[in-house]
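Same chain, two partners: subunit A is paired with subunit B first, then with subunit C.
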Partner chain A sequence: MDISVLQTLASRNLWGAITPEILLGGLALVLLVIELLFPKEHGRIVPVATLVGLVTILGGVLFNAPSAYLNQETFNGLLLHTHGGQIMRIFFLLAAIMVCVIARVSLAKQSLPRVEFYHIVLVVTAAMMLLAQSNHLVLFFVALETVTIGLYILVSYYRTSLTLEAGLKYLVMGALSSSLMLFGIVLLYGVAGNPALPAHTAQSMHYGQLAAFLAANPHNFLASIGIVLVLAGVAFKIGAFPFQIWVPDVYQGAPTPVTAFLAVSSKAVGFTALLALAGTVFASYAWLVAPVLTFFAATTLLFGNFAALTQHNVKRLIGLSGVSHAGFLLLGVAAVSRAPMAVGAIYFYLFAYLLASFAVFGVMAHVAGANDADQELDHYAGLAKDRPFLALVLALGLGSLAGIPPLVGFMGKLFIFIAAFQAGLYGLLAIAVIGVVVSIYYYFGWIKAAFFETWGKSVDAPTHPERTPVDFVTGFALSALALAVVVLGFYQGPLGAWLSAR
Partner chain B sequence: MSTLPFDPLLVAIFAPLAVALAIACGLPKRFSVKLAYVGFGLPLLLALHVWFYYGTAAQTHGYAFLTSYSTGLDNLGIGLKLGLNGISLPLFVLAGIVGFAAGLYAIQSGAERLKIYLMLLLVMQGGLMGVFASVDIFFFYFFHELALIPTFIMVGIWGGRDRNYAAMKLTIYLTLGAMLSLIGLIALYVKSGAHSFDLIELRRVIAAQPLEATVQHNIFGLLALGFGILVSIWPLHTWAPLGYGAAPSSAAMLHAGVLKKFGLYGLIQIALPLLPAGLIHWSHPLAWLAVVGNVLVIGFVTIAQRDLKQMVGYSSVMHMGYAFLGIAAGSTLGVGGVVLLMVAHGLSVALMFLLTTSVYQRTHTFALDEMGGLAQKAPVLSALFVAATFAGIGLPGFANFWGELTIFVALWKFSPLITILAVAGVVISAVYGLRAAARVFFGPATPEFAKIAAEHPVSDLRWSERLPALILLAALMFIGFWPKSLSTALDATLSPAPAAQVGAVK
Partner chain C sequence: MMTASLNAYVIVSAVLFAIGFFGVLIRRNTLIVFMSLELMLIASTLALVAFSRVNGTMDGNVFVFFILTVAAAEVAVGLAIIVALFRRRHTVQIDQLDTLKN
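And now, the complex of A and B:
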């Protein structure tokens, strides 16, 4: 055997670049082994093992924050390790930890197998982290499909009729959007490999090569159709208008931790893709991408906020409010080409959204009964008296989502607005202001349900499912989220300097 | 020279917030109330301290007690920068005095869930001290919102009639106003090219290179609209009487007395010096809106009120009209008059809300038709109420007189016609003010009141109610007899006139 091959491999050990993702995959396999070894106790061991593993991996990533592979391409250009990719790795790991924390509360109310749930969450998270660093349309698509297929299973995990309906809707709509995107990718691939065109390339799925080709052919018809189709596929992921129709039903039917996973991680996946594609690869097609993004942003902001006004089911409400947050983020993406600070603003907004959303979802998991789809605003009556801790966390989370200072959500909105103003998007800003004012109404209604009716003169005890007591781990996680929501609102410290660095 | 071993402004902001945090962490009620005295008292003492030492303190860029702290966003030109100039000093002192009075009144009020009530009030107090101490306009806005949120909650939980509707309306109107002014501030940040929210830096950059006239017009319009909603400019004032009618007394005192001045303060401190051409462009529409809408229309609406608390709410909307008129005049005299009026109105409206609630506790109604003859049973209350009414009308001896007088003098130069209309407003406020005082306190007792008085024996003001009222009245008369205590610093900051400070339009 030729030992030099091994030597070359060892000296250029590319696998080191994706250690966190490999560890996640390994952890997912370990969970299956645990189930085999401890058939009785695995219900208790698995969540703990998952959490410990995730926290360890997160610690490792944070410890190695300036990765040795920064700004390098690995695996023949499949991956590109950027500053943004590192940020999103941390983001997805944090989100996975919170999903597992919520799942501990929520799954306890069902008699269902546990291992598969955590297993899929881990695999999907690994795929998301790869996607955040992908530099090639093939890897991008494969990672995206891994995420989506994992979510198909998770959405219909509870096997009630509403959950199954949600799963089916998500499957059909997801398959449609995947095929749109694939068609777009194929068009781009075909046209970029056309030898008759200048700067044609055999490596036409590689972001850098594709960008070079597009720059050389800035008005190619087929390429522009391909771009629009790819953007449409991504718009499905983030729930942008007019690809948001699945959101309320799926969010309502899916188990609460999965709803959180969809709302935060899946949306963030879409925005990482959008930043990579719209911001850099398609940059020379700004004449096409800018109006498409502006359309998405304007309609998404309006639709999300106005549709959320009439909701009584909190899962639908949070789903539609999530649509409006996608609108604010799209406003940032639309500003990227002309305002350099927009990228940092989007990352900050995503983190702010993560903290506040999981605070709210954490409370929802405690208030929900055995029927997970049935979570009405009325169930929150008297929460402030019953469970002051949960009510406080809920108020902070919702306040931050509404963008009320001194909470972190306000800073996120402020940065996005500054970036949008720098980019001269005055019309979109006016729509965003309307959106903020409208959103106050429904967030406020929820807070009102939890607080104001409590000390009213005549409270007929409304029927609500029994509220789960808060245990130590969840209590700790929720307190940490609430604290972060408050503190990051006025003191961003090194994190602010890091995210706002130009 | 001030010789405190710490930064008085920072401590004045964070002492109430720290006390609020301690209460939130579950301090027992006994200690909570004791600590609340510290939380409300310390800002007052520090405010008086900086007032006393302002004249001798070292000045940097026109600010005394200037300090800055990094919050990690230096790259974006955001940092906690604290300092006081002649415009912010009077308001900082106002916030200290009214906050202390409102705090005392809240502690004696025996509200349900007193701990949470005090906690929210303390957060509000911390925010108010921060608004006027901030040199960085990001934090100026930030502290305003920090003080605003507790208002919504207090109206929603401890409010009176229609509290849910009032809280919702208040929230939506004020959020809209705040968002519009935020966009205006962002516009200033981006268009000036300073990429800093630091007011000193913004002034320097704009002095070197003034903004184009159209940009100034647009930004000023945006700020005037946004701040205008927050100050209840006609016809966007409807949240104010409703909100104050429903708000618990201490929250109404702090909001109407101090927080509402945020919008005017923003116009004077930020818009006037940075956007002089904007003021010239908008001054006539602004002045007419203020004199016809706020002064005359709302004046007549106030006369028509049959509910004492609503009447006080409407009268505060009316007085804001004078403030807008002073700003429209734009001269040193006019703007200085606005600052004096802001302080005077803050003190007198807080006193009015306090006394109104005390009246309600004795009559169990706000309806003017059902009251009468309270003076025989509560002479101290009636004396204080009449004094507050005189202050509201603007009689000499009270601080309001100097504010209104200087505004009218400055306004004459701007437009004699508007001045005449505005002076007619004084007559209107005399009509409703004196009539209300007469209805409530003098004349024979109505049958309704006689019945209530028989059920609940009427007592005069207790000392715990008298003390906050006397503090407010003393401050009103102190400034009324010695306006120079504020005007020296004001004059130094406002000369030459703010609209001319930065120089002409390009």
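And now, the complex of A and C:
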């Protein structure tokens, strides 16, 4: 091979374009070095170093948000840097910061090594950020597997019987969905490169080339099987019906910070992939993709909300409520092809979901005892009297998740509904409204447990585990989340404009 | 020289994939479920190599190495979880792993 070919290839590897991801990987390695250098004090240094590093990287990404690489392909078409990619980078960094804040509270109740937890969170976050910008099915698959395998370890991190069982269930379900998706990718690769078909391409796993091939062959049988398999794999990750069976068990068994990571970041990963694939690459297969998405959205909305009604364990409750939130987001994805504002609405909904969810998970980490899987609604009795700050944050977070008017969750749902209305999805919209009404019931059951169930219980023998006091960092983070939930509900301003910009 | 057609490869890999898929759904022993998962990945690599040969592009052959790496990482983590779980419960039968209930 001529040396100049290699030079051209190498010149397209613009490493500067993925500086945040490289820094995250570097930070993950630094944590391991800190453990070696400070064998005694690393338990205190590592969380602080992680948080400082993450906030610095977030600042850098925010500062460089209109990056020089915008709308440019790097690494020979493996990556495409878009505005949406920048939004999701910031999303994943914010989520990682909140996971580490919650992990400080939760890990303090266990006697376990700390470093590896933060290390894996950083690596997984870097993979998520790469996935948000991927433009090639190979990078998509490898980044997704890095995320999933990292999460297998995190889910079973506490190594108790329940946590390991949750880890095994997540492993089997996750590997099954990855294999389905992989077979779909292989079929797409095989069909799109087939020399006998029109518009076949040598780069058949590149999103742009694949989209061009699919547009030229809009009714290919193997390609449609491939598309359905890929969509099924993504549906597993976001917990859409009928692929939601793992959600309650895994959410209950996983440590609280990992449950938060799964609920927010892992779901957002699925939706970034769905936006990139269903929205653009598979656009010419709308005859197939639209009914599949409509089916997912309708059944997910109904199942998530009705299954959550009967739950007493708050982690299962929040897991099934997360399924219903996936339903609302799927409604947005179904609207994308006919209502362009739906993309901005989905990003806004994801941010609203991030703020409210982490507020709730932050409170859950304080209320939980040493047995992390055992978090019942009864444990919240008297929280308003005992810890008014936590109860207030919980009420704001749950209110926002339910979509109560002045809060940010209401605006998120409103934007999605407007997009669905513009796209003419009236049937789905009706199901979504039923879902909202049902969801208010179980969210308020939780708020009721925290605020009104103080009487009738013996004061001498509290039935709930010891509640952790709120320290400065966690208090600051929770106040910021609660404030954002209220303020962004009244005034979306620059955030809304930035999220809906194209 | 006799060469098998592309269809033969695709059918064999689809059959392997189906065996793996139903193995995961039906078998009750975690280790067998795990082997079925690997079978699904291997089915994909077989189809990938066949397609790569017919299409005349190297992408498929290179992708196989990525898949093997991912499968190895998955096995390492998965077996660690299964061994740790066996030490706690003394069983790897899926029907007996049902403590997580409402």
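Just so we're on the same page, the second predicted complex is superposed on the first by the 479 of 502 C-alpha atoms of A that agree within 3 Å, B and C clash if a C-alpha of one lies under 4 Å from a C-alpha of the other, contacts with A are read in each partner's own complex, and residues count from 1 in each chain.
Just so it is clear, a contact is a pair of C-beta atoms (placed from the backbone, for glycine too) under 8 Å apart; a residue touches a chain by one contact, two chains touch by 3 or more.
Everything numeric here is computed off the predicted structure, so don't read it as measured data.
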Quick one: classify A:429 as touching subunit B (first), subunit C (second), both or neither.
first
On the A-aligned overlay, A:43 touches which partner chain: subunit B = first, subunit C = second, or both, or neither?
neither
Mind working out whether A:369 is in touch with subunit B, subunit C, both or neither, as first, second, both or neither?
neither
Applying the document's definition of touching, compare subunit B and subunit C: which contacts more of subunit A?
C
Thinking of the overlay built on chain A, is A:176 touched by subunit B (first), by subunit C (second), by both, or by neither?
second
Of the two partner chains, subunit B (first) and subunit C (second), which one does A:444 touch, if any: first, second, both, or neither?
first
Touch check for A:208: first (subunit B), second (subunit C), both, or neither?
neither
Now for A:113: first (subunit B), second (subunit C), both, or neither, which partner does it touch?
neither
Complex interface listing, subunit C residues touching subunit A
10, 17, 20-21, 24, 30, 33-34, 37, 40-41, 43-44, 47-48, 50-51, 54-57, 59-60, 62-63, 66-67, 70, 73-74, 77-78, 81-82, 84-85, 88-89, 97, 99-100, 102
For subunit B, which residues are in contact with subunit A within the complex?
71-76, 112-113, 138, 141-142, 145-146, 149, 152-153, 156-157, 163-164, 167-168, 171-172, 175-176, 179-180, 182-183, 186-187, 189-190
Could you pull out which subunit A residues touch subunit B in their complex?
341, 399, 404-406, 410, 414-415, 417-418, 421-422, 429, 433, 436-437, 440-441, 444, 448, 451-452, 455, 490-497, 500-502
List the residues on subunit A that touch subunit C in their complex, please.
138, 141-142, 145, 149, 152-153, 156, 159-162, 164-169, 171-172, 175-176, 178-180, 182-183, 185-187, 189-190, 193-195, 200, 202-205, 248-249, 252-253, 310-313, 316, 373
